[in-house]
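Working notes for the structure below.
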């Protein structure tokens, strides 16, 4: 089966700066893929290369088997939803949505039918005669979505379309967008810098950093098995512990983290004994106890509670280890009762909840 | 505080009076009966208007002025709009400022210098002085002002809109027709009207390039040199009326820019 | 070579997509127009200043005799000096007035600023010759101002210095150029927020100190542009001295204009005069800007 979008070896340089460095990415049909990264990581440039608004310095873009690398944007089977909608301000909603159909010389009645269908899809029935300038932010993005979907593009590209909306509306639109994508069975490539958005919506996420894709996988893979310290730090919150590899067998690695303490986690491959290693563990995996931890817990790092932040459903607890590292844990309120600042505690986590890579974490 | 405010108001009114006194005087004296330009005014009449309009040169001058105004409006607005678009498209603010500065440069050069240098180049290529030469000069004089107004209008232009049209299947030309043109049309008309006002009023460059061809300002200049003739006030008032209308219209159009 | 470049895919797409390639393409028609109608004529004018005139014909040459004539003539030197002095006086009246006006529009009459700006701009577009001519009517011996002064009993005889004098030239040029100076200074002033001024006040600055250390540095580009407009255009105006200046207040522009349109015209000499004046004016302008920088400390 050919991929819906096949990005082969795409590089882009501006002067001497590499904005994109040998990107390879395959998006399957009907898949919702997010390009996630901090601003300036090249995600928007990559999207614009797929849309045809930027040329790549090297490499190819193949859509459903057709090489579109040298096609201008109006001949590509992709449509783009712009960050701030980019609705035509001099047209009403109907004309905006029908624009691509008019260019394809659809007969009037068919356009009307299709536009009505699209308005229903984005839940804006009966608002076709509204002026584009009179719409609210959320409505604008709905119309932009309807406009981009009207001509049934093979691939829909979305360039941070929700970033200008406030939080509540954004969350609601995320759900709707996902529902629309499932309902249509369309291929979406979605650019965002918001990790929760990417986790909530995507089938797969490509994490980008400095013009490269550093990990491509399902949200769960990325969250639980980050491929690098960068990914682990970028997605969600995490604690890092540095140490020396004591043993590494069958992907289970134990580090000496100083003061004779050990920490165990999983690594992608077995690491050589004696090299530097770094362990990442999510706050919600950490248990805090006053008593001795259970036998199967990998570590019993001792710490002193320095901060307790009450967040309603959860409580964030910060403890400082003897090596002067602050470890954050997220506990249910019930588990956090009895903890007070200054208290000596034991920190522990199940080994499968921690990931270990070789290196000292100085650079990714 | 109160006194300060009063002084400020006084200053602004004084400046406005200073700017508008000459105009008021011209209009006032164009309607007097006596040929003497002094107070008190003895009576009101339209005799200077009839005298001005019976000048045998006025029709030709008017015709030439209109041709020049139309040409400058058309050419300067097209060139200037394209230029302003190019400037707005640049990403780096420094380059934008630099290019804009270059586009506005002729506005700082005295018209005398522009006029004589154009006279020289037309002489060098063997072009006889005439209306065509003057038209080149007029476009040159109008262009910086068109660029300045269009630049202000395009400052908030969202280029993503053009990209959206292209993305939805429009060729570059089609995107221009469907999206760009409707959005900037008002501003361009505003700029064109401004250019035509500038052209109608242009004297110095015309004087050095048009040869024996008369335009309204050249005609007025001729009358002024000959001495005090109240008919000048009449022509000037008519010219003023046209200019004010053009600038007002230009303003109306310019303000209705879509963003 | 070029064909190969055009055929190259990225170039083609670059043209379609825009970016700085498209920006350059869109500015090129106007740039080409400027090149042939503005830059090239200047160069020609410069070259012409080295030619000579024999009889009524211009002879291509490379002679400095025109410049020598300018340098040795007392008359030309006096006229150039007078032009610069009158231009500077005009600029020194116009720029501070425009500055005060811009300040008031920005901070005192904020709500009416648009209207005031429109009125000022409207006057800019309402008749160049007309306004100069009108000042002759106002300032003339039997003009309005004299009539009014006599009527008020302030003077018995009409004041002669009002017309055909340096005074008349400066008054007229000020009226002509004030709108052009207000425009850049006001737009620069718009970048100064009330907060800036209030923060400075809060920190103990006021009056002249506030203007020198806060306002002037922030609007300096606008002031520079306003100064350039008024000084250059005042120094280059020949219609004003011709109509209200009279014989004693002729400026170099009148002489240059006469060399190009008049009896016994001499284009090469006119070109040389023009370039000497341009160099002198630019030198004064740049020293003025340097002085301005020194005054505006921050």
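Just so it is clear, A, B and C label the chains in written order, and each chain counts residues from 1 on its own.
Quick note on the criterion: contacts are C-beta pairs under 8 Å (C-beta built on N, C-alpha and C of every residue); 3 or more make two chains touch, one makes a residue touch a chain.
Only a predicted model underlies this, so the values are computations on that prediction, with no experimental measurement involved.
Chemist: What's the farthest chain from subunit C if centres are computed as the mean of the Cα atoms?
Modeler: So the chain farthest away from subunit C turns out to be A.
Chemist: For the chain pair with the highest number of C-beta contact pairs, give its two chain identifiers.
Modeler: Counting C-beta pairs in contact per chain pair, the top pair is B-C.
Chemist: Measuring centre to centre with CA averages, how many angstrom lie between subunit A and subunit B?
Modeler: 55
Chemist: What whole-number Å value describes the gap between the mean CA coordinates of subunit B and subunit C?
Modeler: 17
Chemist: For subunit C, which residues are shared contacts with two or more other chains?
Modeler: 16, 18
Chemist: Any chance you could list the residues of subunit A touching two or more other chains?
Modeler: If we look for residues of subunit A contacting two or more partner chains, we find 52-53, 72-73.
Chemist: Could you list, by residue number, the parts of subunit A that touch subunit B in their complex?
Modeler: Counting only subunit A, the residues touching subunit B are 51-53, 72-74, 78-80, 82-84, 86-90, 99-100, 103-104, 147-148, 151.
Chemist: Please name which positions on subunit B make contact with subunit C in the complex.
Modeler: Touching subunit C from subunit B are residues 5, 8-9, 11-12, 15-16, 18-23, 25-26, 29, 36-39, 78-80, 82-83, 85-87, 89-91, 95, 99, 102-103, 105-121, 123-124, 136-137, 139-140, 143, 147, 159, 162, 172, 194, 197-198, 201-204, 207-208, 217, 220-221, 224, 232, 236, 239-240, 243-244, 246-248, 251.
Chemist: Provide the residue numbers of subunit B that touch subunit A in the complex, in ascending order.
Modeler: For this pair, the touching residues of subunit B are 158, 160-161, 163-171, 174-175, 178-179, 182-183, 258-259.
Chemist: Per the contact definition, I'd like the list of subunit C residues that touch subunit B in the complex.
Modeler: Against subunit B, subunit C makes touches at 16, 18-20, 22-31, 33-34, 37-38, 40-42, 44-45, 48, 97, 100-101, 104-105, 108-109, 116, 118-123, 125-131, 133-135, 137-138, 140, 142-144, 147-148, 151, 174-175, 178-179, 228-229, 232-233, 235-239, 243, 253, 256-257, 260-261, 267, 270-271, 274, 278.
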